[in-house]
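Chain IDs A, B, C, D and E follow the sequence of writing; residue 1 opens each chain.
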Amino acid sequence: MTGFLQIIRRDLHLAFRQGMDSMMVVMFFVIAVVLFPFGVGPEANILARIAAGVIWVAALLSSMLSLERLFQTDYEDGSLELLTLSPMALEIIVLAKVVAHWLTTGLPLIVAAPLLAVLLNMNAEGFPILILALALGTPSLSLIGAVGAALILGSRRGGVLLALLILPLYIPVLIFGVSAVDAVVGGFEARAQLLILGGFLLGALALSPWAAAAALRQAVE
Amino acid sequence: MTGFLQIIRRDLHLAFRQGMDSMMVVMFFVIAVVLFPFGVGPEANILARIAAGVIWVAALLSSMLSLERLFQTDYEDGSLELLTLSPMALEIIVLAKVVAHWLTTGLPLIVAAPLLAVLLNMNAEGFPILILALALGTPSLSLIGAVGAALILGSRRGGVLLALLILPLYIPVLIFGVSAVDAVVGGFEARAQLLILGGFLLGALALSPWAAAAALRQAVE
Amino acid sequence: MLHRFANPTRFLRFADIIQPWMAVLTVGLGAAGLYLGLFASPADYQQGESVRIMYVHVPAAWMGLFCYMAMAAAAAVGLIWKHPLADLAAKATAPIGAGFTFLALVTGSLWGKPMWGTWWVWDARLTSMLVLLFLYLGYMALINAFDDPTRGIKASSILVLVGVVNVPIIKFSVDWWNTLHQPSSVMRMDGPTIDASMLWPLALMAVAFNTYYVWVMLIRIRTEVAATKVRSLRMKQAHGS
Amino acid sequence: MGEFTGNNLTCVRSERIVFSGLDFTLAGGGALVLVGSNGSGKSSLLRLMAGLLHPASGVIAFDGAETSEDPEAHSGRLHYVGHLDAVKPVLSVSENVAFWASLRSGGGNVPQALSALGINHLADVPGRFLSAGQKRRVNLARIVAAPAPLWLLDEPTTALDKQTIAGLERTIADHRGSGGMVVISTHSDLALDNFQTLDLGHFSAGRTGNP
Amino acid sequence: MGEFTGNNLTCVRSERIVFSGLDFTLAGGGALVLVGSNGSGKSSLLRLMAGLLHPASGVIAFDGAETSEDPEAHSGRLHYVGHLDAVKPVLSVSENVAFWASLRSGGGNVPQALSALGINHLADVPGRFLSAGQKRRVNLARIVAAPAPLWLLDEPTTALDKQTIAGLERTIADHRGSGGMVVISTHSDLALDNFQTLDLGHFSAGRTGNP
């Protein structure tokens, strides 16, 4: 347990010392969303119609981009070999790193989302459910993404390869995340969608540390 | 001149040996576009309305993702130092690498774009102009992006930082690229937009190798 | 990079003289401008009391643009003549300019709610201000992204020069984009021609914002110089000389 | 202390047999020096011993128990030093060493490790300011800080100056004096007493990569 | 052949003076060996000489002409070997060497360079399958393939086995015999004849980082 906390502490430490790491993910998120009005045009009603979708897609993309470095620096400077050789179970180490990653990147996304919803003219009724859905969905994204991040270690095409591997796995989260918001904006309940998102989270929590640890063992061979 | 061609040859070589590099960029492009129907819902008229914008935004994002590695691997394995120390002007080397990059990533995007336009129900009249606009726009993206890729070498936050630096600079290309397609679909001429895109390309061709070379020189200090 | 080849004492002496004046001017002019703006000037017959936001909003928007230009000029001097103080000035300007830009956006938004009934519209002017904020944020992110501070300064100087070429292009494209999609924009601000009772507070506030900028920039450069000294002292200590 | 053995080991890398039929035995207090020309498999053997690679055939055992049965226990009793130094640029030297020590039971003695490697004056310097040799010393301080019976060192003297190499020789002698074992690959001659040599060239399947 | 000189050089890294007041002169056929403890600035000086770093003050000149005036001409007459080997994993050994040679006028003689370093049997092996020492040899083959009068070598013997080190010594002697110059930083003793030594410890601003 102390090892688990030590790793979280170190990763938070690294993130804060490095200056604005979490800020940057949020800023990418904001910019990706802001690109859409340029592409789609400034009409408020069209933007409002696609707001939830755009915000979720941007959250997916920024989560994916930030995950690329989850194990990369440790891999490049040799720390990953040493973590693999530490007496702790590698699965626990992975979980600690994912928790630290979500705290520094997932949480700020959730905070920034309402602002973007305002920019895109989203119906104000959708705000609380958007936050709730993101709170349930982004940890799943981090967990699933960790598997991808571990798989691409040592490959020469980081970013794009990661995108290919994990974006398809993100699609279910996307579908239910958007449909939760759309349901509430349309005057319905979003209970079912939230339950499903919660179920995804539990599943990811149970499976992905194992998969990621196996991939990491492969990578340091 | 032979050096210029040698570098292009080597980079094409590396891209093809590494298996499916260009494939991967195209696939990211396709997946990013395909996420939208999931996010926005399947209504054909909404999709048609936003098609050009979504395709261009996805092209921007995939160009950006693939640019991250433009100098990265050379930087990490020491090749960049040696390229800087070769008797050729560094500006020429940058240009050669950008040309090779565009051939392996920009060109495939253009080929894939009509397919996605069909998926998003875009008006068929827009297809030729979409291809033309992408042909003029994507080289500018590669050139502008090369500056960003050179600036982030050795920084702690590759992907996300690059996005933050260059996405705002991509906005003019996005605006005119989309508006060219929208104009033709709406029954107007797109001459002015294409001329402006061409102007951007010439400007980027003239300026960005210098800026990128300056950035590279201080990256290897 | 403040080793013994770029001794900052002359600058520090100069700053010692200027800084108190700037502080006094900022407080004095700012107070006068605010008083005139908030109490002495009339409310607008169309916009009511909310017009008073203008006295903060307009100078803030001006300063947002001005600081970017100042930053680019400083970065160019730093790159070409390798003057370390110019580098520090560029670095010190960025957060101030970003702050002004942010202030313009926030006050604009607050103003927009009563005026247009919405916090945000994708108008050309608003949008290019938003992009400007991103340019500032990108600069600040890059300067802090390196382990070696000198490396960060050089990289971000190149970035700001590239950005300065692009600012007019972005501005022009955004104008074009917006007029295309939305020819008659709601928020063309051709309100009542400004009369003297509104012009005076506006001018005072604009000058106060300028002196505030110089004042804070001097403080930031000083802090930066001190931080550099501390760093190099610690390094020297560590390496034992 | 126990006994560390390898029996009839075969190592395959990228579908090519690097070595085969290799045995070794190392008792408490012993030292095994791996020699052999470039590409003969020294680094590969050390990674096998650490459990980072898995042998294509053969058994590695500690105290008679196969190490692959309980990899975490094996990790707990070894320190591995590879080509990379695992020094985080934004953490100070002492934070770097302390983190690795904190993952081991006991937590270790950081200040003492730093002075053993002659870098206590660098304790508060961030990793980014270190030269090649200084980073290597931080990496070595890590293994001194938290004790473990088995040290696996892959060319540990790379980038070290002569004075530090002498210090390292003393540190290794101390470690062995308290019953520790050490396996070292090296191309330069380290002054150790009473060591076994294992020439990888004898086990390589074919040529060894020399002119 | 010309003369390579440095005059009153100061090097600043991360806001700290690494060395100052350093002079050197190297004539055709000469060798300069840089020694000094870890962190004394050997690598930094080599990068200054290559033009990768710029001196905070002082002048580096070749044949009397300042090198910073025409950096491309200076690049054309030097070969630099740093800590990284610039070996592309997907290119074969001979493709790797040939690419670097092709950027130089003349194009160079790749097969001869491979055999000089004893890696001709690896010519078709992709870079990703090489051991540390084999990669280093590929890097050294690159500088043998295309001739240049000035060699700047930063710890070139790292990871090399003894046989290859002896080969390298012969190669350097040949290079010098035909009028070439060489600057080497090293912690181990290379057998060169008739060389100058430059101890960086004398120019560093303070102590040098040893216990």
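In the analysis below, a contact is a pair of C-beta atoms (placed from the backbone, for glycine too) under 8 Å apart; a residue touches a chain by one contact, two chains touch by 3 or more.
Remember, it's a predicted structure, so these values are computed and weren't measured experimentally.
Following the contact convention of this document, B, D is the list of chains adjacent to both subunit C and subunit E. Contact analysis places A-B first among chain pairs (by count of C-beta pairs in contact).
Distances between chain centres, each the mean of the C-alpha atoms, put C farthest from subunit D. Between subunit B and subunit E the centroid-to-centroid distance comes to 37 Å (mean Cα coordinates, whole Å). Here the spacing of subunit A and subunit C, counted between their Cα centres, is 33 Å. Of all residues in subunit B, those touching 2 or more other chains are 18, 76, 156-157, 161, 164, 167-168, 171, 175, 182, 221, listed in ascending order. Residue positions of subunit D with contacts to 2 or more other chains are 83, 89-90, 121-122, 128-129.
Each of residues 134, 137-138, 141, 145, 147-148, 177, 235, 239-240 in subunit C touches at least two other chains. In terms of inter-chain touching, the protein chains here follow a pattern that is not a line, ring, star or complete graph. Per the contact rule defined earlier, chains pair up in contact as A-B, A-C, A-D, B-C, B-E, C-D, C-E, D-E.
Note for the complex: subunit E touches subunit D at residues 14, 16, 36-39, 43, 83, 115, 117-119, 121-122, 128-134, 136-137, 155, 158-165, 167, 187-188, 209-211. Remark: subunit B residues 147, 151-152, 154-157, 161, 164-165, 167-169, 171-172, 175-176, 179, 182, 200, 207-208, 211, 214-215, 218-219, 221 touch subunit C in the complex. Touching subunit A in their complex are the following residues of subunit C: 118-123, 127, 130, 134, 137-138, 140-141, 144-145, 177-178, 181-182. Those residues of subunit D lying in contact with subunit C across their complex are 89-90, 121-122, 124-126, 128-129.
On subunit B, the positions that touch subunit A within their shared complex are 18, 21, 24-25, 27-28, 31-32, 35-36, 38-41, 46, 49-50, 52-54, 56-57, 60-62, 65-66, 68-69, 73, 76, 156-161, 163-164, 167-168, 171, 174-175, 178, 182.
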